[in-house]
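Have a look at the structure below, then the notes.
Read from first to last, the chains carry the letters A, B, C, D, E and F; within each, the first residue is number 1.
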Amino acid sequence: MKIVMAIIKPYKLDEVREALVELGVEGLTVTEVKGYGRQKGHTEIYRGAEYDVKFVPKLKIEVAVADELADRAVEAIRDAANTGAIGDGKIFVFDIGQAMRIRTGETGADAL
Amino acid sequence: MRHFLKLISILATAGPIVAAADPALAQEAALDSGDTAWMLTSTALVLMMTIPGVALFYGGMVRKKNVLGMVMQSFAVTCLVTVLWMVVGYSLAFSEGTAFIGGFGRLLLDGLDVDAMSGTIPESVFMVFQMTFAIITAALITGGIAERMRFSALLWFIGLWSILVYAPIAYWVWGGGFLGAAGVLDFAGGTVVHINSGVAALVAALVVGKRAGYGRENMAPHNLVLTVIGASMLWVGWFGFNAGSAVAANGSAGMAMAVTQIATAAAALAWMFAEWITHNKPSVLGIASGAVAGLVAITPASGYVGPGGALVIGIAAGLVCFWGATVLKKRLGYDDSLDVFAVHGLGGITGAILTGVLAVEAIGGTPGALEGNVGQIWLQLYGVAATIVYCGVVSFVLLKIIGAVIPLRVSEEDEREGLDIRLHGESVT
Amino acid sequence: MRHFLKLISILATAGPIVAAADPALAQEAALDSGDTAWMLTSTALVLMMTIPGVALFYGGMVRKKNVLGMVMQSFAVTCLVTVLWMVVGYSLAFSEGTAFIGGFGRLLLDGLDVDAMSGTIPESVFMVFQMTFAIITAALITGGIAERMRFSALLWFIGLWSILVYAPIAYWVWGGGFLGAAGVLDFAGGTVVHINSGVAALVAALVVGKRAGYGRENMAPHNLVLTVIGASMLWVGWFGFNAGSAVAANGSAGMAMAVTQIATAAAALAWMFAEWITHNKPSVLGIASGAVAGLVAITPASGYVGPGGALVIGIAAGLVCFWGATVLKKRLGYDDSLDVFAVHGLGGITGAILTGVLAVEAIGGTPGALEGNVGQIWLQLYGVAATIVYCGVVSFVLLKIIGAVIPLRVSEEDEREGLDIRLHGESVT
Amino acid sequence: MRHFLKLISILATAGPIVAAADPALAQEAALDSGDTAWMLTSTALVLMMTIPGVALFYGGMVRKKNVLGMVMQSFAVTCLVTVLWMVVGYSLAFSEGTAFIGGFGRLLLDGLDVDAMSGTIPESVFMVFQMTFAIITAALITGGIAERMRFSALLWFIGLWSILVYAPIAYWVWGGGFLGAAGVLDFAGGTVVHINSGVAALVAALVVGKRAGYGRENMAPHNLVLTVIGASMLWVGWFGFNAGSAVAANGSAGMAMAVTQIATAAAALAWMFAEWITHNKPSVLGIASGAVAGLVAITPASGYVGPGGALVIGIAAGLVCFWGATVLKKRLGYDDSLDVFAVHGLGGITGAILTGVLAVEAIGGTPGALEGNVGQIWLQLYGVAATIVYCGVVSFVLLKIIGAVIPLRVSEEDEREGLDIRLHGESVT
Amino acid sequence: MKIVMAIIKPYKLDEVREALVELGVEGLTVTEVKGYGRQKGHTEIYRGAEYDVKFVPKLKIEVAVADELADRAVEAIRDAANTGAIGDGKIFVFDIGQAMRIRTGETGADAL
Amino acid sequence: MKIVMAIIKPYKLDEVREALVELGVEGLTVTEVKGYGRQKGHTEIYRGAEYDVKFVPKLKIEVAVADELADRAVEAIRDAANTGAIGDGKIFVFDIGQAMRIRTGETGADAL
């Protein structure tokens, strides 16, 4: 099994979720994060003081999938999250050794 | 205006003999329910300026980890100054004394019974109305040392300051002291409240020192919605502050309200456009700061100038305070965290001087320089200087003495983690 | 009621000759400190309705990324309209003129000196009281174009609108114009303030267009606590609005306060139960919206109806505005972001018409249809129609003209990222 | 004081015969615009105490998932009690009746027309002023059952309670009932409002049961900034509550305002220092709670004691309520979520008793034990006991009856997920 | 070494923490996340508009443990977080190549 | 490729970011987390009730780097985040199988 972890623009969440669900994915977990990268932040001004806000709000999506689904999940996320603009984000994939559904104790692909 | 009324009331309440001797005077001292209604209301309005007004205005500007500590300071100052005013402050500021300080005639409000009058209103109302001025002046100072001062040291400083600095200066101007007698005009507290708190905040900021990370770390206001609520309540409450300083519900109060409204709006727009031009964006902190600057500057003038004068004062205050907060402060490098000096100090000075220029005889009884009375400007400068010097020196000495006994600052770790958790054991989620 | 008092005050202040000629009249024009106290207070209350009232009511309903921009709009509108009212608005609305517009007699408040009277109160107070009505009317409009209008375009629109739409309509009804003369009843501003702002907001929403993602993306209010604070301050402040429109502290003011309280509560409950029944849950946004709907609808009626009438008006307003915000708006598909038309437009129309039905002669001097004066309903419809047509047309033209010079909307990227950061360079953490 | 004024007003409005017979009395009943102005203002202030005062004071103390539900309760209670007061409550509390309950003479406000007077103010104003007391008393109760009571059950309870408990007790003390007649002193509602709501909240907390996870899970207040805003508005509004209870703008009102301010500050400091000493940190929740405790305790005393007495009452209230909220509550183990009993119940009892001790004849006309009238203490205890017993029993019975029909609590799942989403379909982000 | 990453219901945090501490675990890291899965969200209504909130608040726990502790940590979390109701969450396990304690520079199992 | 994941004290973020940028890292992702460990939390008191807040605010930094950069990234973070006080945090490193830049579809080291 693998975890596909993607950093995306926040307003793309619904599209990404729908794309994954279409693939047959039944669950995923989302975290609010701040990203630093090529996309620039903004400047805030308070009376005399200027603050460069270097980080941009992003969402991190983590979805655990069976090995055979991983590539299609990556493609699905890419298609849904791609706008062609700087800051669209990244996708990383890594292996997991075990998965368990807490409610039932099922493990492996059944747990997803 | 105010100390004039006060004098009348002292005369009028000096005993039945006086009253009986002069029926006209006696009549002036009869209770007027309309005046009393307005002064009861004004008192509520001015209290609202501090809690929740200043508490929120300041609370929104600090970092989230310090917001409870900040509102706590306004709230605690309100309580502390209330008790001290009752015990000794009112007596020192408003009972008969020398040219420099009132007496002990009203210690513990002695003799202030239910029938005591002050002009056409009960003296109890006058006493609480004045108390709310003592409260807000003290609360304003907390903006200068925000996010770093030890709570216990702050209470000591504010407590002593309100007795040793606020009460005398209030007496000088309104209680029968030498500034009022000299003819210095300060309708509602440009010197007593604003220059006073601005200077004290600056001195405190310098003595206590800069916040850790100042100039390097992001110290952006965490929630300007709170600041806007605060600024709005200051604005609304200021009607009680300025129009209430007429100590009557009459044309003088009405005109004071009108000029307050006009100057405030003008100053807010002036700051907003100045910022828009120089920093490309009009900010909500800017327009709110400008409004407060306008409120401050019109304060001494509110019973003396007309709508046109108010417009001028507003625009001047917006620009001067904007410059103070964005240019002067940067240049001098002090960390007056929430710009108390730039807004209240400079705004108060601007207003005090322009009162001398723009005063209209038909409105407040005294002409300004534009009506030929150039000397009034010098009188105003005299009042400004006396306040700055006395307040600056005594505030400095007080802080040094307190600092010799208790550390004025929290530890660096406390500062880092935030005053909310470290000093007060609470946090906002 | 109001323009009646105004007429008296104009007569009474028309010169010493008139006053001297008729002592009874002269006496009516003598300053009453109680009335003045109440009007000073009412002015503060109505200002509080906009800042922080409307600012928070609206600020809580937008998405977090736009909250500062939203409260900024109320604050900036307050400042802008203040200055314009002083310069020209008051004169156009309340100085002598034709049937359709006031004159230039009070340009820059010329002649409004410290002794000028308006009925039993100083004219300065009357002028600021009326100013706060001009302010809130303009601020209410910002709810229609929330989260997408360019700040500079908004300022141009509001500024011109307050001179070209608000001032004339205020004159028509209260200043001596044709609607008041015809006998249209509008105690505190059902047409002048609410129908007016509701129609302008609807027109602006249509001209500016829908928010990006409207109907697809989640645009849920980010913090209804702010909205409840705002609604509460509107409610409390509305006592100044309605009871203050008696321009005196008397039985008429008292009854206006009573019916305001009753209608508001009834409307809030009506909306709450309607929602509970149709959507299974009573929401805090619903009850707060219902309260505002009730306040709006009782506004024109408040000096004319009794407690029973207030109950009827409240229930009707709650149901009509609920229908407007949940059914009508969906059906017509416009994006009046914060339902200004549904609440203020429909609520104002409901109130205006029911005033004609439920007016009680013993209370406000004019009978309604239930007391046999069916014609009053037609008069009320006349007032409503005149306001809708004039406001609708001029608002539309103004927006088209401004839009030809500056884009009315922000860029899509600005809209996506939020007005706070993009327009004002600030954010709430 | 109040029921005395009320009696005068009943007499004075009893008919033209009486009035004609005694011109002095007739004069007392003439409308005073200053008194009316102050009472209009006071009414607005007391309404503000509940919305947004209590709403925020309580809303900040619950967990984030319940904040909208909490403010919703204050808002809905305001609406519900308004309508019930108009329909029947006012009549039961303030129209002529037996020793135990008023009559039906003012059902649906029958006969309360625009000229009806109550002392020197319009009866409409008196009616709404008293309504705001009925509202806040009911709203205070919601703190006892916070975070778990079903909204529909709450509305039933509050609605019935306000008719069957509040109205009679108000009548007993102020409306002409047996407690007032016996000489029990309660200037502004120590028994009627505070002991009453405190006891009802305690009974409700016991009957409804503890929150799931109470004592184990973290139930820390989610945003004490809201609580401080609420406490501040309570404080400011309380000037209307206490000084307004003079039903005039006079020396009695002024003194009531002064002692209110002093007692509140003293209690806040007392709680703060007690907590500082025992728990090492002065908390903002503590100082705010102390302020409310002081406001509560000075309420019955406010027209009867002087500044010195106020100081004593404040300190006592701060310490007693601190002990109640931190020690007693732990020991007894009930879950009165927001300490309504500790603050309002115990604070009210403290104040009621100390009124008997510290009353000054020269101020309110009745001497206390310190001036030799020891019996007054027993009278005060009599009033306290009557209120506790009647309120306790009827509240209990009401809850049991309602609970037999609808579950009083939400489901455990609803409680876990929060009332905001589950009951009202909304959330704060 | 492994990282055991669990998605749980928020109110189970304390029980899970205690169970892990009993096992000898000395540290862990918690993140607020939103989960999508079989458990349904809720509907919010604002005037006319209804919004389906598809995500449910969850907590993500990450705990780094020595290899031999991993299975017991999984069991401990499961036992503490299990309520038998839909939405109890998942546990994933993956390998880490290195761990370091910043303060001391210790690496490997000593760093945990 | 590897992901270097560090738990650090919040106020160290800027220093850590700068240290990584100096190394040539062009992006990273930050999450607000709460940590449990040797560093104690604090106690909050509300009227009578005391709550031990067991968790301390921390930031989690995730940075994907080419294998050869991983060790230097760990060192850089360590140097920047180290204060010598308890609670400075941890660094964990694990392998990722794939990385993709959403905007361009680039994979591998090019995606970082």
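Quick note on the criterion: contacts are C-beta pairs under 8 Å (C-beta built on N, C-alpha and C of every residue); 3 or more make two chains touch, one makes a residue touch a chain.
In this text the structure is predicted, and so the values were computed from the model without any measurement.
S.K.: Which option, A-C, D-E or C-E, should count as the same interface as A-B once over half of the contact pairs match?
M.R.: Residue-number overlap above half with A-B among A-C, D-E or C-E: C-E.
S.K.: Does D-E or B-C have more contacting C-beta pairs?
M.R.: Result of the comparison of D-E and B-C: B-C.
S.K.: Quick check: how many Å separate the C-alpha centres of subunit A and subunit D?
M.R.: Comparing mean C-alpha positions, subunit D is 53 Å from subunit A.
S.K.: How big is the gap, in whole Å, between where the Cα atoms of subunit B centre and where those of subunit F centre?
M.R.: 47
S.K.: Out of subunit F, which residues touch more than one other chain, so two or more?
M.R.: In subunit F, 31, 44-46, 94-95 touch at least two other chains.
S.K.: Return the residues of subunit B touching two or more other chains; collapse runs of consecutive numbers into ranges.
M.R.: 32-35, 37-38, 41, 220-221, 229, 249, 279, 281, 283, 285, 425-426
S.K.: Which residues of subunit D touch subunit B in the complex?
M.R.: Residues 32-35, 37-38, 41, 45, 64, 220-225, 228-229, 231-233, 235-237, 239-240, 243, 248-255, 257-258, 261-262, 264-266, 268-269, 272, 279-285, 287-288, 291, 306-308, 311, 362-363.
S.K.: Using the touch definition up top, name the residues of subunit C that touch subunit A in the complex.
M.R.: 217, 416, 421-422, 425-427
S.K.: Going by the contact rule at the top, pick out the subunit A residues touching subunit F in the complex.
M.R.: 2, 6-8, 31-38, 54-55, 58, 60, 74, 77-78, 81-95
S.K.: What residues on subunit F touch subunit A, complex-wise?
M.R.: So the residues of subunit F in touch with subunit A come to 1, 3, 17, 26-31, 64, 94-103, 105, 111-112.
S.K.: Which part of subunit A faces subunit B closely enough to touch in the complex?
M.R.: By the definition above, subunit A touches subunit B via 44-49, 51, 53.
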